[in-house]
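See the structures that follow.
In what follows, chain A forms one complex with chain B and a second complex with chain C.
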Partner chain A sequence: MISFLSKIGSFYYREYKLNLSGFQDILTNIIFFFVSIFIFIFSIGPEKETISLIGVGIVWTLLLLSSTLSLRKFYQDDFENGNLLLMRLNGFSYGFISILKTFSHFLFVQVPFLLSIPIACILLNIANDKVVYLFASFAIGSLILSCLGSISSSMNLMNQRNFLLGSLIVMIFSVPIIIFSVGIINMEKNFYSLMSVLVGILLIVFSINPWASGLCLKLSLENN
Partner chain B sequence: MILVKDLSIERSNKKIFENVNLSLGTGKIIILKGENGSGKTTLLKSILNLIEPTSGSIYWKGKLLNKNLNDFYNHVTYIADKTTSLRKLTVQDNINIWKKIFLSKIGKSNIENILKILKLDFYLGQKVNSLSFGEIKKLELLRLIIENKKIWILDEPLSNLDKETINVVEQTFEDHCAKEGSIIFSSHQDTVINVTEEVIL
Partner chain C sequence: MFLFNPYKFNKTADYLFKPILFLSIILFSFGLLYSLFLSPDDYQQGTTVRIMYVHVPSAWLSLMTYAIMTLYSVAALAFRIPFGFIVNSAIAPIGAVYTLICIISGSLWGKPMWGTWWVWDARLTSVALLFIIYLIIIFMNLSFENRIVKEKVIAIFILVGSINLPIVKFSVDWWNTLHQPATISKLSKPSIDPSMMTPLIIMTFAFIMIGISIAILRIKTEIISRKSNLR
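Then we have the complex of A and B:
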């Protein structure tokens, strides 16, 4: 048991080193997020009320688009350099690899966005009390996006020619997440019931993820 | 330890190989030979249970491999034709990661000695990206020593290596077998390694 936990620890040490060396990728994603916010502000005009009215929707849409940018690298590098195989031979099942990678994506891609939310809220004139709700909804929503990203990226390994297909799947399945997440912020009275729906969606995709991603990883390694 | 019985693999209705039999016991070295596309890599991957065979079976310590997979993986190191070192990181980082992942107890001085023999000691702080393909391959072979497992399964371990390194690898193979290890490897090249069995695909 201790050796298994050590292996998990070393997996995250590896992910940390990799993400540290590729820090410019994370930074590019964050810059894309903020530049897009500025473009929205300039295109809408100077009315504070309009901006604050649609601000939450803008933040969520851009968070979705920005995190989609990183999906290509979810499994691709590890697949191409044989590290997925190494993980399997190190005793991790395919399903478990997908869970580890999902949390790694959440930690190293989504958490920087989570930390950028307060600045985005200032730029978009979103009321202070709504920031907490946005924060809570994105904490759950981003984990859902990571699970969906895992499924679509593992599917992409079998379909190397069309990366956009995976992104499209994430976008389509993200629609309910955006509806409920934005709903939480605009209907504060229903906070707990809408959060329950989001947590429900998270539990569904979290339980499907290891099964679907694991199968795709297995098939793509078999046919590689 | 490993017994392969009447193993056949078909892909897209094309026979890759059929009725392959081999037995790998303690201290044995098996070499797989064959032309490009003859199925050497496929056979190695099916022994690792990464590809399902069309027919036939593989046994590990007398039990069907897929019923005893975790124990098998605890005893096997696989070096693929691809190199698994992380190109963005330094040689030292890669060694540290492998040591952590495989819970290796190998000492720093041991690694330094091997790096000297492989002439990689000057590159410790350099990114793997900046090494030549032959040097990356040598780094990959270091994983055999770091993992320190009984069974080595290697896909073309001698390709892209200079004569001097090939001699080191051949000597390492013989030392490993003398310590009750076992090896299966594929190779195009002629080798002076004292192989126990030659399987032509």
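Then we have the complex of A and C:
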């Protein structure tokens, strides 16, 4: 049991080393996020009313886009240099690898975005009382996005020709998430009902994720 | 058992193909004649109601094709019936074309009735998502190198994407949409006049027959191409 826990601990230490010691990757993602906000503002025009009306939608769209940028790092690098096989040989099942990877993606890629939301709210002139709702919806929605990213990037491990397909899959399945989480922010009276719908989606995706991505990982490792 | 075994399917399809093709031509020409000339105009919509005889069958069949693909994916993954993979890659383009017909005829119908080509309500959005899911299945078919990985990954994707099916079906009941709820259901008496119901049913069977005949051709081609790849 203790050796199993220490294996998990060393797994997360490795992920921490990979993701945060090369901090410029995440910093590049966050800078991509802010530069896209600038471009959105310049293309719409700097009127305060318009921007605060559609600001929440812009934040969500760009969070989705910039989290699909890091999709390639999800399994592909570990698959190509053989680390995925080593994890499997260390006694982790395929489904468990996908759960671990999903949480590490959430911790090391999505949480830095959570910290950059307040600055984005200042830039986009979003009201202060809405920031809490934005935080709450993004904390759940980003975990859903991590699960979807795990599914789509494990599907595209053996796909050498068309890697954009992975981000397409994430974007297709994230449509209901965006609908409900933007709804949370714009209709504060329905906060708890919409939040429970979002948590329900999270539970569905979270229960599908180990099965689907574990099966895809198994297929790709066995037929490589 | 011809639905699960490629060899038996080939033998049965040889008998069935010509009658089904003949039946589809007859049903389609008769259905078009009935629905475009013999059926009455609607008292409110006038002659544009005739779009229904193309729109509704193609919408039903786009859902039905996806349901068939889901069943065959379950059969292929859980019971190890490889014929399911053949069917999946063969009938995905048919479903995509039906969905495209549904979307185009629907927006042609929406322009005179609702005053707009497209609204972002639940039914229309979920059907557009269904179309994009079909397109992703087709692209996945084209972009993988390894055949074994490809077909299983596509089956998993079909199962994950089948979440969309109940959303398409019940979106008109769950949300307030501009699109009307279903008029024809099994549980209650249909709220459509028999003079419009008859051509609708004829057209539905014509669409089913056309779909089956194209599916037979495509599945036979798929079986032949897999045989030639194995050598």
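Methods note: the second predicted complex is superposed on the first by the 223 of 224 C-alpha atoms of A that agree within 3 Å, B and C clash if a C-alpha of one lies under 4 Å from a C-alpha of the other, contacts with A are read in each partner's own complex, and residues count from 1 in each chain.
By our rule, a contact is a pair of C-beta atoms (placed from the backbone, for glycine too) under 8 Å apart; a residue touches a chain by one contact, two chains touch by 3 or more.
Quick caveat, the model's predicted, so the values are computed rather than measured.
Using the contact criterion defined above for the overlaid structures, shared-chain residue A:132 touches neither chain B nor chain C, since it reaches no partner. Of the two partner chains placed by superposition, only chain B is touched by A:14; chain C is not. Looking at the shared chain after the overlay, A:82 reaches chain B, while chain C stays out of its contact range. Of the two partner chains, chain C is the only one touched by A:155; chain B is not. In the superposed model, A:115 lies in contact with neither chain B nor chain C. Note: no residue of chain A belongs to the chain B contact set and to the chain C contact set alike, using the contact criterion stated above. Across the interface of their complex, chain A is touched by residues 48, 50-52, 70, 73-74, 76, 78, 80, 82-89, 93, 97, 100-103 of chain B. By the touch criterion stated above, chain C contacts chain A in their complex at residues 125, 129, 132-133, 136, 139-140, 142-146, 148-150, 152-153, 156-157, 159-161, 163, 167. Those residues of chain A that touch chain B in the shared complex are 3, 6-7, 9-11, 13-14, 17-18, 21-22, 80-83, 85-86, 88-91, 221-222. Every residue of chain A that touches chain C in the complex is listed here, in rising order: 151, 155, 158-162, 165, 168-169, 172-173, 175-176, 204, 208, 212, 215-216, 219-220, 223.
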